[in-house]
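Before anything else, here is the set of structures, which you'll find just below.
Look for chain A in each of the two complexes below; its partner is chain B in the first and chain C in the second.
Then we have the complex of A and B:
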């Protein structure tokens, strides 16, 4: 009888120790399900706060899974008509002033998108966290009034841009509210802070995000989603190279 | 007495021609060497000033902290009115805005797709208002193919880049860079010509376009990454330039505003101050050693001359001439020889220096792999020093040699003179 009691107590203790945090990979699946859609169409505002000036850019964006996306800048005048197309591992940019379409590759991928804190490499990243990282829940924290899981993500492939990511994930809404992205050597490269979230149908989605390249001066880039539609029908020609020049 | 000495020297050629020739060559080499080294130093200053530093340079405070990186995003913005004010305040300077930038040169095919690419170091200068900048960069001399940009949208490429990318004159290229705000910048240009700068760093991938085109490309209207100032009359004088920079910075620079203008002098850039100090010290040491060696040679010549006339002095002493008189005779003779040799040597040295001051010495065959910023043709430079430096080895050493030789006159004993003459 005494053995049974001890076994029960042991099981209770072990459960308390190891069952406190859920499986990180399961949470990643929940995040992917919340954040990704078959297709999206959005209008966004990007406010780039550099060391000497603040610039505001507006764009319309279409995406299909994590493979294809298309963006067209609508403001300011200098950037109007600039278009970007991502198709798998390829990224093209169209500049209306020169009427040229340039493929962004090699070192150019590390350059900033429109002077923001985001690089073309960030733009090329696959959106599914579950497919690219394995996760461990490290703890929990109240982050800006919301209960979050602290998660540590490790890249499955050595070619992934960020080898380690620390995430604070909203326990209820499965929205990553804060991110730290690290290089292979452990250097902090970028941080992402969600300032506002919005509800669209049964999903919660970041509406206002501050991206900060930790290697650059400046106050970061504020990315605001003005409007987003999920699982809308997008004509196939949008994701073709021909649409860059249209 | 002097007339008598000169007559004696002229009649006894063995006493005059060889010593004068030795002094002549010594002084000639000294004068030319000094002029050449002065010219070389000037060349380094001029080339750096023309290509990069100006006599003074105005940049933002933030830019000055990382000036070697030439960060376009820290350029001076909207400086048109400020520049006019600086021109009024410092009329002794000519100001020229420049923009330096890095970019990717993309060559499209007929369908507009990328055919070839290469990294370039670009420079935007004022090519259309006047020809001062193109003259300063000696673009006409450097032009190997085509012509200088004459209208907006034209660009000059280094000949190496032109050949490497297999370009043709009139061909369209696209420069892809970053605007002052960090956004991607693209601009089309037409290749108008190819140049050879003579500076390896620039010859690898230099491109030059008019500043208005570069401003448009980099979203830098009325801006410049650097404003270079050149003294219109006099050349570069470090003390004067430093005083002017101090005045400018006191008037316009604000230590709390990282984008306020800051003036730097030539020697405050590219470690040129330290380099020039080392160069001047080395040159001083080299000149000292050279003058010392020449002095030893000429001194020895004076000494030999005195020893050669040992018998003559003995005879003159035996005939009753005073030792003191004989000693000073020898010294005056040496001074006359030294003076004639020095004047002739200085004249010949100045003549050769003057020739190379006008025509230059071409070192291009030896500078093909050099990364230093100095000209392929070095022009000698005649300074006031060139006129008197020859007198140190030419006059002083010869006279000192004669005096040393003359000491032996005092050691002669009158009682033994006839005995010496008999043997």
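Then we have the complex of A and C:
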């Protein structure tokens, strides 16, 4: 009987060691296909949970690839009318209370957006994982009830902001359910936890995401997508500086 | 004779003369005192700038602009060989600048990270504490920075930065020392660490953003990537601010001089009116109108001369006190980030400053004393003798 147990354990270990994991780069392609679109239009809610208070902000957002995006905050009243435009490497903010447009640059890019766990430079990141990382599947795990691949992503270029990322990717839906972003030296900087996923056509997309700057205190920033449309027609003027003051 | 008569008349006016002299003396003291303050402030700021960060000037990367955060992460290059020779001799200090973020107590603070050789000697920064601490990354901050970030000596705090390629990196740094520097440009919103360590962290070996030069005469020829900034150039904003401050000061003193001169003018008008019979007698005795006018003008000038002496006597203790002990601005002024105000400003008086003030006041007093006497020119001796003004 003991021999049978040992044989079974041995077979399990050998199976685990020689298990054929799928090609990580193929999975990245599937994730990109899910997460990226030619254009998107969405309405979102951002809940910033700091040590002392919780603030809720709503916005309407338009994006074109990873190059251009435009957001307009609609609530609360204090933030209403604040607009943010990204065009390539440039980022501008319009503040209705001062009627001024300022370009966010240098050190200011490191500051958080509306007190959230996201910095302005997070908005400047490339969104295509396939283009920027090579991936290896390191294992599998049941994460919050879903079967996932554990993937380790290594930046292809030294210019990529995060040189290492670890993802737990839903095996069936190809949505990263959990993400760890590391500094070059190995320190964990940011985590992303997808709490709810929605289906739009044949695409699965994160609906409720908790962003956490691991170097900061607080419970993180909850980002909820209330409505999203993919590949919609967006007038070109939306992504112009003139639209900031409209 | 004119001066003798003038002196007698001043004596005769008694208390009125004394008040006039004291008023003019106080104005003179005020002007010299404030000019001494501006001069002392400027010299303090310049000395602090030289001693703490700028030496006799800097060889700066042409893309670096300290007011433009855009420029900080791209304005560095390998130190040219001929400048490296100066660094090796100890007559130049390279500084590398990058932007970063620290997270004290879980808060996020954006700052400037500056790298400087731990072994440098000629700048006053206590960089010896930055010497390699093994696994630790020792860092130095100023007291203002410590106050705003709530950091204490020995605290460990996470620093996040981007290397020269743009990749994020992060490590824990240890606050090795908190320095008390009067030069705010070496304190506010920044953290200092060893140059080689920062070069390694930034993946940019042997690079610098600027090189502080001990002697401007030593500046060698460099490539187009570098440009020499003299100490005057580096202090240009300070000079411009001082010019504005001085202008406000001059306006204030113009107002005070005006008030003092009104007193002199009033005295002279009264004197001419009261002494019309005396004017008539002088004219009858053969004095020309010009001589009489000169006598009244001399009286006015004598006020200024006596006021200069009084200013010397009354102002001397004040000048000596502020010239030795100086004046420390209230703490709240230090928050404005104005250079030269963090330590006591030692007032500095130059001979040119004192002489020009005396000359200006004497000339203006003479002019103001002369205007009322113009009526004498229109006065007939007979009318004057009868006590009429013509």
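Methods note: the second predicted complex is superposed on the first by the 227 of 246 C-alpha atoms of A that agree within 3 Å, B and C clash if a C-alpha of one lies under 4 Å from a C-alpha of the other, contacts with A are read in each partner's own complex, and residues count from 1 in each chain.
Assume contacts are C-beta pairs under 8 Å (C-beta built on N, C-alpha and C of every residue); 3 or more make two chains touch, one makes a residue touch a chain.
Computed from a predicted structure; not experimentally measured.
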Combined model on chain A where chain B meets chain C, clash or fit: clash
Touched partner set for A:240, first chain B, second chain C, both or neither: neither
Partner chain in contact with A:51 - chain B first, chain C second, else both or neither: both
Chain B versus chain C as contact partner of A:213, first or second or both or neither: second
Partner chain in contact with A:112 - chain B first, chain C second, else both or neither: both
Partner chain(s) touched by A:160 [first = chain B, second = chain C, both, neither]: second
Partner chain in contact with A:187 - chain B first, chain C second, else both or neither: second
Partner chain in contact with A:66 - chain B first, chain C second, else both or neither: neither
Contacts of A:102 with chain B and chain C, given as first, second, both or neither: first
Clashing chain C stretch [against chain B; choices 146-154, 200-208, 254-262 or 362-370]: 146-154
Residues on chain A lying within both footprints (that of chain B and that of chain C): 51, 108, 111-112
Of all residues in chain C, those that touch chain A in their complex: 68-73, 99-101, 103, 105-108, 110-112, 158, 160, 162-163, 165-171
For the chain A and chain B complex, residues of the former touching the latter: 48, 50-53, 55, 78-79, 82, 93, 95, 97-103, 108, 111-116
Contact footprint of chain C on chain A as seen in their complex: 51, 105-108, 110-112, 155, 157-163, 183-185, 187, 189, 213, 215-218
Contacting residues of chain B [partner chain A, same complex]: 62, 73-74, 77, 104, 106, 108, 112-114, 174, 176, 178-179, 181-184, 186-188, 219, 258-259
